[in-house]
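Okay, got some structures for you below.
Below, chain A partners chain B and then partners chain C, in two separate complexes.
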Partner chain A sequence: MSNSSNNDILLAISTPPFWHCGRTIRKNSLHTLAALAPAAVLALAHWGVSAMRVMALAVLTAMITEAVCQTLMKQKLSQDNGTAAITGLMLAFLLPASAPWWIVVIGAAAAIGIGRMAFGGYGANQVSAALVGWALVFVSFPVYMDPSSSLLGSSFADPLFKAKFFGGTAVADIPLSDLLLGNQLGGLGATQTGALFLGGMYLALMGVIRWEIPCSFLIGVLLSASALHLADASLYAGPFFHIFSGSTVLAAFFLATEDSCSPHRRLPMLLYGLTGGILVMLIRTYGIYTDGAPFAVMLINLLAPMFALIRSHPFGTAPRRKGKSAGEWRSRT
Partner chain B sequence: MKQYFNIIKDPRFCLVYNEHRPFGAGPAPRRVRLNREGFTILPGVKKKTPVRPGMLLAEHPSPEKGDLHAPIHGVITEINARSIFVDAVDSESFEPDAFQDAPEPIDLIKIGAEGEELALAVKKMGVNTRSLGQRTKTLIVNGLNPEPGVRWAEPMLAEQSEEMRMGLELLRRLHRADEILLAVPEGCDTRLAGMKIVHVKPMYPNSVNELLIKEITGEEAPPDVAAVGLHNVWSLGRTGVTGLPLTETVITIGTATDWANYIVKNGSLVGELLEFSGIRLKSGDTILRGGPLRGESLDRLDRSITKGAYGFFVVNAGEVPPIEGNSPCINCGACIQVCPTRIDPRMLSRYAEFGKYDMSRKENFRLCIDCGLCGYVCIARRPVLQYIRLAVKKLEEEERLSRLTPIEPVGRN
Partner chain C sequence: MNRFMQEFTKGLWKEIPPFRLMLGLCPVLAVTKSAESGVGMGLAVLFVLTLSNMLISLVRNFIPSKVRIACFITISATLVVAVELLMQAYTYPLYLQLGIFVPLIVVNCIILGRAEAFAAKNPVHLAIADGLGIGLGFTMSLTFLGSIREILGAGTWFGHPVMWDGFQPFTIMVEAPGAFLCLGLTLAAMNYGTHRSIMKQSRENAGNTPSACGGCRACAMGRGSDND
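Presenting the complex of A and B:
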């Protein structure tokens, strides 16, 4: 009859706050997968079954590797939160559609095994896990990873290859729409730049990724590419070519924003993204690799703890000044 | 655009709810449970003692903590280490001289006491004077709802003007500050004679005293400014208006869909409140005393509304994602982004998780103002605020112990 006499009810004890924003790892993963979906569909449209094969294999290997590692490490299995699937899918996006199965398996297993679980699990890695797997296979098996040599049957060309070896004039006539629609050679999903851009915008609007990072990353590319382009247009391609070719968009929205590998305060985030964008252009222009974006992200991932040192003095303490050791306490009532 | 790019999108975080219903009277309790920890029980107060409203039961040795008075007509049924239980009886059915004489109302204004003398008189009336501020230059009365979901501030300012005026007058006479300001939400046209009003943006966590002071003065932790809650001023005003000891408190009783404000007797059992407001519980629900972000959850329905509590809420099972226990921090940084004091709840929670309380000192754990936003946004559902509170408690204990002088063994001659 009354609540006070009803002893059947078992109340849940919890800790404050008792309200919650409702976001969970799983929900964020679902948002991310939804954001990656258009690019995956376009990749299927471009490359057909071979793209399907690479994506499915990478996702599956990533999840299995995570499960095996978690069993060995006596952790709770967490494949249902979708983070391993995202890592696998992002790795697949960076691989060419022609990648042989063993490269996909090695890459995905390394991404999860070395890139993530070796550090303790999701959110403990310092460098984006997908990029660790990608870097391993990219450096070890360059021939299989080069889309220009392994996808000879394709009618597309690698725009970055052209830009690097034939100069800015060679790519000046590539329409932007071709790049946006993914009519270019490269990673099977990374090249779907238009779809990825829309997906990334969705994630930023939903608050899943922090908008400061992609924004400053793209501004970094824009500024440095514009500077080079203005210096010599015949040698260096324009800024929008660089943003929408290769894996710049994937790097800006999905790889650089990986939570545990990036700083969390505003100014560090802006500097982090800006540095990444500039590094992309430096590697593309002066490095030996045609697409600098993945390496640029790995480098800024490693720099992230340095950026994170930039922080304002905490609430109510005097700013740190020269000659004083630490933020000074003020009397608080 | 505000709801985009942001982690916190809950409209309830805007602390203006356009709530104007006057306060309802709470249920007449059948039983009350009064917290007696730290109190000295008066001689003669024991089991089976008949009590009447306003009768002094126990005194607190601290001059800043209000004494304990019986809120209802009844008989003491049990006194244990933590609580005094009083069962209600019909005052008519008892012999008339079984109860002590009714306490005379004391007109705090007329007796003309000021300063410390008034503070002592108010303490004897059951009001905690510590929460009315220490001696400062400027005292700000915090007229915002203290937490999201708590909705009594607007009707309190609008409808309870007698209590408010009395409370502010008594606060002035306590001489704790040279200047008293009343902070109300932007767009609120409250006027109180002789009161300087300031407007603040009514967005949580601005209602936390430290941040309210920053909003008003523009400075972080300025010296000589303090804030006092509206609820405390109301309590002070209530004793002034009635002339009787404080035995009531204003609470918001709320669920996800419904809420109402009541004036309830101190010590009312939460089970009776639930019954009174027609809220039915299921297993797995959480009930909490205080606000939804900073309150404490209760394990049983015979817990009570303590003196000064300002809310009682029910969070149904499934309303929020469950806390799964030892879920590790995933470094998403959401807590760092929302923390209004710019400390690092991520690292603080880890230090506490692994017992490295010493490390918390490096991260300025003392600056935590307990707003609860870190736990609110945590996607791994870690009890971040609880970890920080644990570290604060452990370190305070440690410091207290280190201040003790070790006892030298008595030498044998």
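Presenting the complex of A and C:
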């Protein structure tokens, strides 16, 4: 036997997503970018060059970090499939337009480096990579990450801040159209909720994301916010306020649906989304942070393997039923 | 003496806790917020570990094996109380900083693990060497982690500012997630280094002794750890 092949990998190990229907990661990424585009355009309209700066820097840093990591890890370079760009863009969407350049760079580098490449690359991460970067900078530099204190010149207000500290009555007169058009303070893209909602619908219709997750996520927010609102309308804002303020829509359609961090059967997906929606409201109402959506998504990402155990069975087999032997190979019903 | 040195030095790198010996993670994660508390915690553990190893090794032939764990705990608890009172008397600020984690040394897995795995089976001088080595290794690791976390998270080292002006402290490093990040990345780096050296070794070995199966990684790992 030759000994030169000692270090060759004997078994090919690949990571999810495994679904295949002719679609490629690259095509999915293009659809996602297209869905994010309206929100990006609106963000530019609202914040001008500073939003452009944050988005460009985040995307560029994410792609460069991925390239550097892949070179070090001797992996094939995959910047052309656009996943790093999407991670960078989603991170930028969560940052305020006033974020200094080094926060953007640290956040994007951490998102790709620690959030994704440390686990092995695209599809191997347990928690949405963009959120890892966001959480790192959010916890480390709260002053720069708080749009209410860093965007003093803005005429908008942070609706969630108002709702948290001044009660439901303070935000009762904010028209829904204002929230939908992004006339609110927060992450530069995450607050363009109307545009993101349209983009998310497009993705769900194209089959890039599964409709169950965003749907149940929003239903979770709707139900828990309605319950709180009915209990005391002067303290807790209404359900539609909570859906269309902060980053709920971005979380529901774009962050919670990342392939490697979410379950893939219908019932687990529904429960996964529902838990996320309820967590958003719990954090917003009882937590110390004004916007709970990103944290809620990180939590349900970690719970996703647990949800995936519900009615689990090997791929290609039917779920185990009473009186039938386990793991029977049949066509899926 | 040779054996003494061997038992002493193994704790400094080959079995350095907590990176090689994954024990005592609770204080590692909780008290390494600064280099100073890392050193303090490490020294407290070093003191308790060396003395408990010595005492347990001395009485190892008298303890009935059924109640040995209770005996080990009693011995280490006595020593920990001594350390706690000493710290309260002489290094009060450090005592306040470490808080509950000083009494918790009693249930630190390193103390019990070394007592059970080493001190209860070996003569006194080797037990002392083992305690000193592992304790020093633990102090080194805690100081290392504490330094990284303090420099990044607060911009200081042992309380002295070391970063440039206008440095924004990376606060998450002194919070709980920072401990996991630091420990995980350090472990990853150390495992990577070990893996590389094993691969290199196996490549050299394979050149000399070609085996029937071609010598895959599984064998290489086994062979590497045998040679250790």
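The rule is simple: the second predicted complex is superposed on the first by the 290 of 333 C-alpha atoms of A that agree within 3 Å, B and C clash if a C-alpha of one lies under 4 Å from a C-alpha of the other, contacts with A are read in each partner's own complex, and residues count from 1 in each chain.
Simple rule for what comes next: contacts are C-beta pairs under 8 Å (C-beta built on N, C-alpha and C of every residue); 3 or more make two chains touch, one makes a residue touch a chain.
In this text, all values refer to a predicted model and were calculated from it rather than measured experimentally.
Chemist: Could you say whether A:211 touches chain B, chain C, both of them, or neither, answering first, second, both or neither?
Modeler: first
Chemist: Classify the contacts of A:118 with the two partner chains as first (chain B alone), second (chain C alone), both, or neither.
Modeler: second
Chemist: According to the contact criterion defined above, which of chain B and chain C contacts more residues of chain A?
Modeler: Greater contact footprint in residues on chain A: B.
Chemist: Quick one: is A:264 in contact with chain B, with chain C, with both, or with neither? Answer first, second, both or neither.
Modeler: The answer is first: A:264 touches chain B but not chain C.
Chemist: From the superposed pair, tell me which chain A residues show up as contacts to chain B and also as contacts to chain C.
Modeler: In chain A, residues 2-3, 5-6, 10 are touched by chain B and also by chain C.
Chemist: For the complex, which residues does chain C have touching chain A?
Modeler: The touching residues are 168-173, 175, 177, 181, 184-185, 188, 199, 202-203, 206-207, 210-217, 220.
Chemist: Taking the touch rule as given, give the residues of chain B at its contact with chain A in the complex, in rising order.
Modeler: Residue positions touching the partner: 4-10, 12, 134, 136, 148-149, 210, 220-221, 223, 225-226, 269, 271-272, 274-275, 279-288, 290, 292-302, 313, 315, 317, 320-321, 323, 328-334, 336-337, 340-343, 364, 367, 369, 372-373, 375-381, 383, 385-386.
Chemist: Over in the complex, which chain A residues touch chain C? Could you list them?
Modeler: Contact set of chain A toward chain C: 1-3, 5-7, 10, 102, 106, 114, 118, 135-136, 139-142, 144.
Chemist: Over in the complex, which chain A residues touch chain B? Could you list them?
Modeler: 2-6, 8-25, 27-28, 120-124, 204-207, 210-211, 259-260, 262-265, 311-317, 327, 330-333
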